[in-house]
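Order of writing sets the chain letters: A, B, C and D. Residues in each chain are counted from 1.
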Amino acid sequence: MGSFQGHTLPGSLFLLAGIWWTGKYSLWHATRRNKSLGSTRFASRTSQRRVEILESSLVLFLSFVGMVCEQFAANGPKLHLYDFAEKHWEQLHIWQHTTMYLFFSLAAIVSLIIHTTEAAPVALDRLMLAIAFFNEGFLFLYHLHGRAMLDVHVHQLLLYAVFGGGLVSFLEVFHRGNIILELLRCTLTILQGTWFWEIGFVLYPPSGTEWNLTDHNTMMFVTMCYSWHLTIAMLVVGVLYCTVSCVVRSRLKRTPPMEMGLLKPREHDAESEDEVF
Amino acid sequence: MGSFQGHTLPGSLFLLAGIWWTGKYSLWHATRRNKSLGSTRFASRTSQRRVEILESSLVLFLSFVGMVCEQFAANGPKLHLYDFAEKHWEQLHIWQHTTMYLFFSLAAIVSLIIHTTEAAPVALDRLMLAIAFFNEGFLFLYHLHGRAMLDVHVHQLLLYAVFGGGLVSFLEVFHRGNIILELLRCTLTILQGTWFWEIGFVLYPPSGTEWNLTDHNTMMFVTMCYSWHLTIAMLVVGVLYCTVSCVVRSRLKRTPPMEMGLLKPREHDAESEDEVF
Amino acid sequence: MGSFQGHTLPGSLFLLAGIWWTGKYSLWHATRRNKSLGSTRFASRTSQRRVEILESSLVLFLSFVGMVCEQFAANGPKLHLYDFAEKHWEQLHIWQHTTMYLFFSLAAIVSLIIHTTEAAPVALDRLMLAIAFFNEGFLFLYHLHGRAMLDVHVHQLLLYAVFGGGLVSFLEVFHRGNIILELLRCTLTILQGTWFWEIGFVLYPPSGTEWNLTDHNTMMFVTMCYSWHLTIAMLVVGVLYCTVSCVVRSRLKRTPPMEMGLLKPREHDAESEDEVF
Amino acid sequence: MGSFQGHTLPGSLFLLAGIWWTGKYSLWHATRRNKSLGSTRFASRTSQRRVEILESSLVLFLSFVGMVCEQFAANGPKLHLYDFAEKHWEQLHIWQHTTMYLFFSLAAIVSLIIHTTEAAPVALDRLMLAIAFFNEGFLFLYHLHGRAMLDVHVHQLLLYAVFGGGLVSFLEVFHRGNIILELLRCTLTILQGTWFWEIGFVLYPPSGTEWNLTDHNTMMFVTMCYSWHLTIAMLVVGVLYCTVSCVVRSRLKRTPPMEMGLLKPREHDAESEDEVF
């Protein structure tokens, strides 16, 4: 990437994705927990499907824009891969970013197919997401050869969030709808987003004062900083989850559902919920 | 292996195996999903078993041919392992390939026994497949000492597909019949096949223009190329799966089954399917 | 840390936590096994919840005290992170310890929220505990650069207990209430505690006779010593578990429960218990 | 160990353990599969428990003998750990072996307690076995510093079998009675046994002709040899399993059970068996 904007742009996208997912899964979980209060008004099966389709379309659109921008920007490779005249590869870094976008767009396409038709098993969207994350981490892993120590280190820390997200997505193939795994994935995605920003600030400081890229103490500080980012990500997810839960509950209490006859005792419902997770 | 053909031959075999498996599992999955439409005509229990026996026999035959060819080819070791006169090992590379074939033939024998008799638990065939993949990866792992950087790198990338295939097979011991795992294994097998071809083209280019085996940019390109191979493998599996599903469905609609009285509502069937996976 | 007390203090805390947990889980397991004998007198749902709240409050209090002490001790950084005058980081080691305490206090807060309200799924407390352990191990991992061989080695051995504890906690998210995993976590926590003491004795011997930090034989002895600590931890957990089981059983026999009519045959109960675990 | 006998003795013990386990689990599995034919005559619950107690007692006895022999042999450390006069550790290798025996004896003691009383959950015996294997591998891992390349390599290969056995035992905590995992554990134990013999022959050849410990080709041969040992182990387990199955079935057919009225249709039983595994 090699620029401040080159790191903050994907950072912002992952940050937004993490926050959006937290809201979505919190709402759906609150809906499931309060079924007896008629909460399905907020998130019926049909509306859930519609949300998934919208989300996938947006991801597909953004990935496509990302690929086009990377390739046709002022100094982009414009789809040329090898310069036969001077015998060198054309800006492989940009090609790698294009490949990362490609995998996320594939995941979005599969998700679209799953939620518009009934052709494929639904768990496939999590598998594709896991593959997209693993591919991102895999390309970063072989991306770091010959850089300064701190540069390598901040990107290695990023890999924890990336591979963690991939692993959690893969676990969701088998434990779909487990709110704990969903929130963990949200947390790791937000962490990835904020850490991209951190990388931008450390390697390309907009203030101009360069960091010492070889000081061991700076490395130790950066490591600890990663823990703080994780704390912040957990706080953001926690606050969002609680807010959504409270809003859903208070709304339900103000406007009781029509079909009172179908009301099951709330106590029992919450209990079974607890035992499942 | 040390030759272009030495890499493209196993590559073609894995490629064919992956495509064949994709077709087989797609057909069986479509059969299970459309049971109510009388789809069991296409893949009854008995016919499934017959297919498995045929497949295992073919694998056994090919492994055996492979072992014999490797050993008794013009410059093969002809079952000699150690040259006591000159005190050196006889072509260990070929012996290693023989060992890899041996494990796949063992997996085929076990699969034959399982599907002809009822002596052993069926999940054993996946365990044997996992062991065959792990053994292949294990031998490759200790195979690479003292080669050029790019040579080592392309073989290491191969290991991701090999060990990935082994791990997925092992998971299938516990989640047998999970279409997502089955398709993932198909994808990784096709990836392994196409990557064997890629290795052949990179290390022994038939066009004659040698690749620079120590350029770091070439390594980065090759890494990215691996992601593209994975994309292609996923596309192949996806297209095949959809084609088979559509064909099964359209056939079922044209020729409704005899026993209409046994028809269960299709809606419910698809639903439960979705929840399982 | 850099001092004898700096290692024995956390060691004592983990040791106490491990012993406390062993007692708690043994009591609850004995209660579940002997339900038919009216054992719920000892640990009803309400009392269990009260114990969890007390435990979480204590952990929160101790973590908070730990953070304050580390920061405002005689030579602490007093919340200063960077000395802009002399351009160096302020005692990063102490900041790292503060971060570790922070994660355990977060886990305690989440546990408090879970057990006082019903806002969140209960399994979240194990996830937070797992994250706290992983964070501790993660900070230790990047903590060891440039130290003597034995110093690095004893801390690496500590990581087995730390990451092991994190992994077992994560497994408990999916297998909550599995007594085997619970006792394993207790064992690893006690091991961590006693090993902190060992590190204190090896690196800062109170007797004054320094250990040879670069002798390979000493390293081998220390490795073996780790196994012995594990043995002792297993013995402590085993003896505690048996004692609690026996006390619960003997008490139950002396004072039979009131509601004899609800008595289910004990045999059957123990049997089902055995099959679950 | 440092001698031919020092490797072949544990090798023989593991070999015998693996063969014994194969027979035991094969018999019990055949018993479960043929319940309808009255097979419980061969292995009733009571007799199974008696076998477990006998096995555990034998393991305990052998471990104890092993510990005593290692310590009090001609050149053993006789329970001395540190020579304060000359300031060096007393034969740490022998102490390490004593520690390994100690963990297996602990596993045996726990197994005895579980099968004589009902104090502890039964899955604990697999956990203790897993810990014993992990401890063995852990001590070997830090055992190899400063040896010749081939010496390190053959011991590293051993670790695959040791850690593999530990991992499979740990999985059995959650999947108890899964015949596939049980046979896999048997295979890995037999592999460990035969590989100990191989190490003895390679490092201390009784014929006197020394192996070249630094030749890369020898290393590649040894790696391949490991695969062949695995093949042999799988063959032994396979043949034993089939033999036991056949003997049980033929015996059942000759002497039909008394209580014909309790006969359930065999077909159905085998079916459910297949679905479980």
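Definition applied: contacts are C-beta pairs under 8 Å (C-beta built on N, C-alpha and C of every residue); 3 or more make two chains touch, one makes a residue touch a chain.
A quick note: this is a predicted structure, and the numbers were derived from the prediction, not measured.
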item	value
Residue-number overlap at the chain B/chain D interface, same or different (half cut)	different
Chain at maximum distance from chain D, centres defined as averaged CA atoms	A
Whole-Å gap between the CA centroids of chain A and chain C	32
Centroid distance [mean C-alpha coordinates] between chain C and chain B, Å	45
In chain D, residues with contacts to at least two other chains	none
Contacting chain pairs - touch in the sense defined above	A-B, A-C, B-D, C-D
Complex contact set, residues of chain B against chain A	160, 175, 179-180, 184, 216-221, 223-224, 226-228, 230-231, 234, 238, 241-242, 245, 270, 273-274, 277
Interface residues, chain C side, partner chain A - complex	81, 88-89, 92, 95-96, 99, 102-103, 106, 110, 118-124, 127, 131, 135, 138-139, 142-143, 145-146, 173-174
